[in-house]
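To keep things simple, chains are lettered A, B, C, D and E as they appear, and every chain counts its residues starting from 1.
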Amino acid sequence: MQGAEILLQPGVFPRLLQGLWVTVWIAGVSVGLSVPVGLLVGWLMTLRNPLIRILMRIYLDFIRIMPQLALLFIAFYGFAQAWGWNLDATGACVLVFVLWGGAELGDLVRGALESIPKSQYESSYVLGLSPWQTFSRVILPQAVRRLLPASVNLATRIVKTTSLAVLLGVVEVIKVGQQIIDAHRFEFPTATLWIYGVIFFMYFIVCWPLSIVARRLEKRWAHD
Amino acid sequence: MDWAFITHYAPYFVNAGYMTVFISFFGVLLSIVLGLLCAAVEIARIPVLYQIVRAYIELSRNTPLLVQLYFLFFGLPKLGVVWSAETCAIVGLAFLGGSYMSEALRGGLEAVPGVQHESAQVLGFTKAQAFTHIILPQALSTAIPGVVANVIFLVKESSVVSAIALADVMYVTKDLIGMYYDTYESLTLLIITYLVILLPISIVGTLLERRFDYARR
Amino acid sequence: MTEQIIQQAEPTERTELAERTESTGGNVSTGKNLEIRHLVKQYANADKPVLNDITLTVPAGKVTVVLGPSGSGKSTLLRTVAGLEPIQGGEIALDGEVIARGESGGAKSGRQQRSAELRTRVGMVFQSYDLFPNKTVLGNITLAPTIVQKRPKAEAEREALELLGRVGLADRRDAWPHELSGGQRQRVAICRALILHPEIMLFDEVTAALDPEMVREVLDVIVELADQGLTMMIVTHEMAFARAIADRIVLLDGGHIVEQSDDAERFFTDPQSERAKQFLQTFQFKRHE
Amino acid sequence: ACGPTASTPSEAGDTASANSGNTSATKARSLDEIKKSGKIKVAVFSDKAPFGYVDKDGKYQGYDVYFAEQLAKDLGVTPEYTSVDPAARVDVLTSNKVDLVLANFTVTDERAEKVDFAKPYMKVALGVVSPDSKVIKDVNELKGKTLIIAKGTTAETYFGTNYPDVKLQKYDQYADAYNALLDGRGDAFSTDNTEVLAWAKANKGFTVGITKLGDTDTIAPAVQKGNTELLNFVNDEIVKLGKDNFFHKDYQQTLEPVYGDEVNPDDIVVEGGEL
Amino acid sequence: MTEQIIQQAEPTERTELAERTESTGGNVSTGKNLEIRHLVKQYANADKPVLNDITLTVPAGKVTVVLGPSGSGKSTLLRTVAGLEPIQGGEIALDGEVIARGESGGAKSGRQQRSAELRTRVGMVFQSYDLFPNKTVLGNITLAPTIVQKRPKAEAEREALELLGRVGLADRRDAWPHELSGGQRQRVAICRALILHPEIMLFDEVTAALDPEMVREVLDVIVELADQGLTMMIVTHEMAFARAIADRIVLLDGGHIVEQSDDAERFFTDPQSERAKQFLQTFQFKRHE
C-alpha cells in the first residue's frame, strides 16, 4: 500500500525497536520493583493494626481512583515543586508505576493470603509444623499460585500504561514514532498511519504473550 | 497555595469535567452494548463471528488506548477517514472497553449454575421467560462488580484523550501548567475534579454491589 | 425443630393438607400411572447407553424409591422423566399419554421438546439448592404459577403461604434464599414444585448436601406427602428413610434394573439378587475383634 | 547507568543521574559542577525542524542544537540533550532536570518570572499558516474558526488574551499539531513565523497568510532562576560569538536549506544579543 | 472397590498393619489414656462457654464416639484436645502428663502453645478436605515426618508407601490432591496423620462431605485402625458406623455431657436419658398410613 515503504527506510525499524526497548525497560523495572513493594504492602494489609489498615486503605483507594496520567503529572510536576524531588520523566514513570503496581499487587497478595482456608493452618499446626514452616512450605506456595495469573495481567497493564510516558516527554516508542513521522513528513505524508499502526502491533506483540501466559496459569491452577 | 488562581480557574475544571464525563458516558454506554454483543457471540459460539470477537478482544486488551487514539486520530485520515476528536475518543474508549465489558458480562452469564436453567425448565418456563426472570438478573448480579470496575477504569483511561486535543481535565491541567506555571494549584484542582467525578461512581458501584449481590452469597 | 416436625405429622394437619390438594384441583392421588417402557438413554459423547432397556411402572399414589451405586444412572432416569434429557429408545407415558418417545437417531443432548403445560405436570427437586437467588421465598414459589400458569397473583400467594405453613416456614416468606439454611431451602424448593399441582414428584438426593438435622426436616416433609398419597419417585441414599417410605423399590446398576420389589421391607431384609445383597452390605459395618 | 536508550544516544545517562543523583537538589548546578561532570544538560525540541529535531539517523539537529554544540565545545564538555514539550520548558529548569533550555524559547514576562533568560539569539513574531484553498490573510478572519496551536507556545498566550473568540485546538507536540492541520482538523495553525514559514515551504498546498502578528519577540536561552554563573557564561558566549557572525553561520547550516532565499536572514538572526 | 476394602480387612493384612505400627516404634495401643477434667471452653466473643465442666476419659486402645446435635460442641471438644483452641478452665492430660490447662483469665482465641513434638502425639483429620494442594500425595504424607521429626526422607517415603498400600492408594502416590475423589483425599489425610505415630487420633465428621460409596471407603479404614487398637476419638453422624465401631459413647448437648456409656450397643438399644432417646429418634423414620 502507498506509503508503507516508510517502514523500510534505513534506521526506521531499528529506532522504533530502540524506542520499544525504552518502553519495555520502564515496564520491566516497574514490574520488578513492584514485586517487593507489593509483597510488603500485601503483608501490611493483612495486619490487624487499625492505623496501618487505614493508611493502606487510603493509599490503595487514592492510587486506584486517580487516573495513571494524573498520577504521572503529580509525580513529575508536583513532587519537584512540593518536595524538591528531582525526578526526570523516566524516573517519574517508574515511581508512579511502582506505587501503582505495588498497591494493586499488594491487594492481590492480601486476597491470596486471606483466601487460604483456615484448615490449612490448622492441619499444619496439628502436624507439628512451626509457624515459619507453615508459612514457607504450605501457605506461600499456595498464595503464589493464586497470585500469579492476576499478577501477569497486572504486568500487561503496566506495559500498556507505559505509553503515557510520551506525554511527559520520555523518548520511548511513541515519541520515536512521532520524530520519524516528523522527519519524513515531506516524503511520506501517510507515515502517521503506518508508524502508529506498527506501534499498535508492537504493543500487541509485547502484551499478548503475557495475556496468554496469564490465561494458561489461570486454567492450570483453577482447581485449587 | 494561590487561592485567587484556584477560584479563577475552577470553572475551567468544571467545563473540563463535563468533557470527561461526556466522553466517558458515551464510551461506557457503547462498550456495554459492544460487550453484550461479544458475550452473546462467545456464549453461543457462532462460528465465524466467534473468531472475529476473540481476535478483537485480544487486540483491544493488549494495546494501549493512547496508541489506539493516535491511530484513529492521526492514522485513519490518511485513509480518508476523518473523525472528530470526540468521535475518536468515544470510539477508542468503546473499542477498549468492549472487550473488558464482554469478559465481565460473559463471566456473569456463565456463572449461573446449570441447575437454574433446569429448574426453570421443569417449572414450565419458556426459554425467554427463564432468561428475563431468572438467568439475566443473576448474571447481572455476578457481573456488577466487574462492570463497575470497568466503568471506573474507562473514566480513568479517558484522561488520555487530551492527547488528541479534547479539552478534558488533563488537558486543562497541562494547559495551565504550560501557560502560568502554577503547577501546585493546577494539580490540586486536577485531583479534586477527578475525586468529584470518580468517588460517586465508586460509591454507587459499592451500593449496587450490595443491593444485587444475592447471586454470589 | 424436632417437635415442630412431629407436630406437622399429626393427623389433623395431614388431613388438612390432603384436603387442600383436592380442593385446589391438584391432581394428587387420582390414579395416574407413570410408565417407562424399554427406555434407552445415551449421552452425546458416550460410547454406550447409561440406561439400557429400562421398563418400569411407577404406580399412582405410591412411593417408588430408586436405589443404586454412584453412576448407575439414577439421576439420569429421573432427568429423562422430567424432560431434561432426550431419550434414544423406548417411551415414557404419563397416565396413558406418551410424553417422551425415543428415536434411535434422535438428539443426544439438549432437552426434550415439551409444552409448558406438560412440564408443570411433572415436578422435580434437585440435590443442589436451586432456588432463584434473585427472588424471595414467596417470589420463588409464585413465579411459575403466575407467569407460566397465568394464575392471579393473589391466589398464587395465598396458596404459597398455605404451603409454606405446611413445611413450617410461614414466617420466612420474605427471606432471601441466601438467608435460609440448606434444609429450609429444600423445603421451599418442594413448595415451589407443589404449587403447580404436579401429578408426579421426582426427588433426586434432595438431602445429600445437608447436615443431619436438616436432613430430618426435609425428609419429614416428604414422608408427609407420601402419607397423603402423592405419586413420587425418590432417589436417596438414606437407607433408613428409603426403608420407611418406599412402597416400591427399584435397584439400578450399570444402567439396568437389577431388582425391583413391591415389598420394600422384604427387599431390605431378604434381597433376592446377589447384587442387591452386596449393595445393602455397603451400609453395614462390622468390627472384627 | 543502566537506563534505556532510544533514538538519542546522548540521553543514555539520564535515568541514572535522575534516579541515583542527589534527589533533593532542585538547586541548579554550578559551572564547576557542569565542567567536572563533563556534560551539560540541554533541553531541546525533538520534533520542531529545522530548529530542534531528530534527523533520520536519530541525531539531534537544528538551529538551537547547532548553538548548543558550540556552547558545550567552548565550555569543554559534551552536550546531553533532553527532548521537551513546549509546555515543559519552564519545569525542566525549576526542577533542575537540565542546565539550559535551548528550545525556541520566546521571552515573555510570565516566563521571566520563573526562569532567567540570557541575551537573545533570534527574533520572531507569530505567523499563521492555512490551506491554499482557504487562506487566512487577516487575524480577524479567524473569529469563530478553529486555530491549531501547540501547548505552551507564545501563540497560545497571545490568542488566549487578545482573541478570545478564536477557538483554540491545542496539542502537546508540534508533530501532532501539524498533522491536525494536514488532516483539516482546524482552519489554520499559528506559531512562530519562522516555524510556519519553514513548514509551509515544505508542504504543498499551505500558505502563510499572516507572516507577522503581535510584537516581535526574542528567543533566548534560559537557565534556572538565580543561576547567574551559567547565565553570565552564556551571555559572554553570545557576545563573543556575535563577533564572528556565528549565528549567520548557524542560519546557513540549518535554516537556509529550508527557507531558501525567500527570507532575509537578518529578519531572524540576532547577533551578539543586540537587536 | 467394595471387594478391595473387604480384602483389606482380611486377618493376614490386619496382623501386618499391627506389626508395622509396633515395629516402627508407633505408640499405638500402649495403654496411654487421654483424660479431660472439668474442661471449660468459651469463644472470644461469646457470652457463655460452649463446653462447660466436661470430665471424660478416653481409654487407651479403645474407640470413643462423641455424638450430639449440631452446635453441641463436638468439634470444639476435639479441637481443644488437638491444641487448636486455648481452654479457659480444667485440664487435659495425655498419659498422665498435663498437655493443656485452663486459666480463667487466659486467651480465648489463637492456638495453644504446644511443642511440635507434643503436637505430633495427637493426630487429627478434619471434615474439609485439607490436603496441601501444592504437594502430591506422597509430598503431603512425608512433609511432617521429614521437616518436623527430621526423619530421613527415604525412610519417610518408605513408610508413606506402606501406609498408602494399607488404604488402597499405593498407585496414587504421585497424584495431586485435586485429582483425587473426596474419599481418596480423606484416606490420604489419615495416612498423613498416622505416619507421625500419634498416641491418639481424632476424627471430626470425616465423611460428612462424601458420597455414600466414599463414606464406606473411609470408614472401612477407620474400622481397621480400631481393630488394631489405636486410641481414637470420633465425631460422626453415621449412626450405623458409630454403633459398629464404638467402645464408648459420649452424648453431648449444649456443652454438657448428657450421657456416656461403656456399652455402646446398650446406648443404642436402651438409652438411659430422655435426651438420648430423643436424639436417637432423629435417625428413625415412620410412615403414618
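Rule of thumb we're sticking to: a residue touches a chain if its C-beta (ideal position, glycine included) is under 8 Å from a C-beta of that chain, and two chains touch if they have at least 3 such contacts.
This is a predicted model, so every value here is computed, not measured.
Peer 1: Report the chain whose mean Cα position is at the greatest distance from that of chain C.
Peer 2: Centre of mass proxy via C-alpha means gives D as farthest from chain C.
Peer 1: Chain A to chain D: how many Å between their CA centres?
Peer 2: 34
Peer 1: How big is the gap, in whole Å, between where the Cα atoms of chain C centre and where those of chain D centre?
Peer 2: 84
Peer 1: Determine the centre-to-centre distance between chain B and chain D, using the mean Cα coordinates as centres, and give it in whole Å.
Peer 2: 39
Peer 1: Round to the nearest whole Å and give the separation of the Cα centres of chain D and chain E.
Peer 2: Those two chain centres are 82 Å apart.
Peer 1: Among the residues of chain C, which are close enough to touch at least two other chains?
Peer 2: none
Peer 1: So which stretches of chain D touch two or more other chains?
Peer 2: As it turns out, chain D has residues touching two or more other chains at 88, 91, 94, 172, 176, 179, 182.
Peer 1: Two or more other chains touching the same residue: where does that happen in chain B?
Peer 2: 74, 77, 162-163, 174, 177, 183, in rising order.
Peer 1: Could you please write down every pair of chains that are in touch?
Peer 2: Contact pairs between chains: A-B, A-D, A-E, B-C, B-D, C-E.
Peer 1: Within their complex, state which residues of chain B touch chain C.
Peer 2: It is residues 113, 115-116, 118-119, 121-126, 129, 133-134, 137-138, 141, 214-215, 217 of chain B that touch chain C.
Peer 1: For chain A, which residues count as touching chain D in their complex?
Peer 2: Per the stated touch rule, the residues are 9-11, 15, 18-19, 21-22, 24-26, 76-77, 80-81, 83-88, 90-91, 94, 167-169, 171-173, 175-176, 178-179, 181-186, 189, 192.
Peer 1: So in the complex, which bits of chain E are touching chain A?
Peer 2: Checking each residue of chain E against chain A gives 82-84, 111, 116-117, 119-120, 122-124, 126, 128, 130, 132-134, 143-144, 147-149, 177-178, 189, 192-193, 196.
Peer 1: Which residues of chain B touch chain A in their complex?
Peer 2: Against chain A, the touching part of chain B is residues 58-59, 61-68, 70-71, 74-79, 152, 155-160, 162-163, 169-170, 173-174, 177, 183-184, 187, 190-191, 194-195, 198-199, 202.
Peer 1: Please name which positions on chain A make contact with chain B in the complex.
Peer 2: Those in contact with chain B are residues 3, 64-70, 73-74, 77-78, 81-82, 156, 160-164, 166-167, 174, 189-190, 192-194, 196-197, 199-200, 203-204, 207-208, 210-211.
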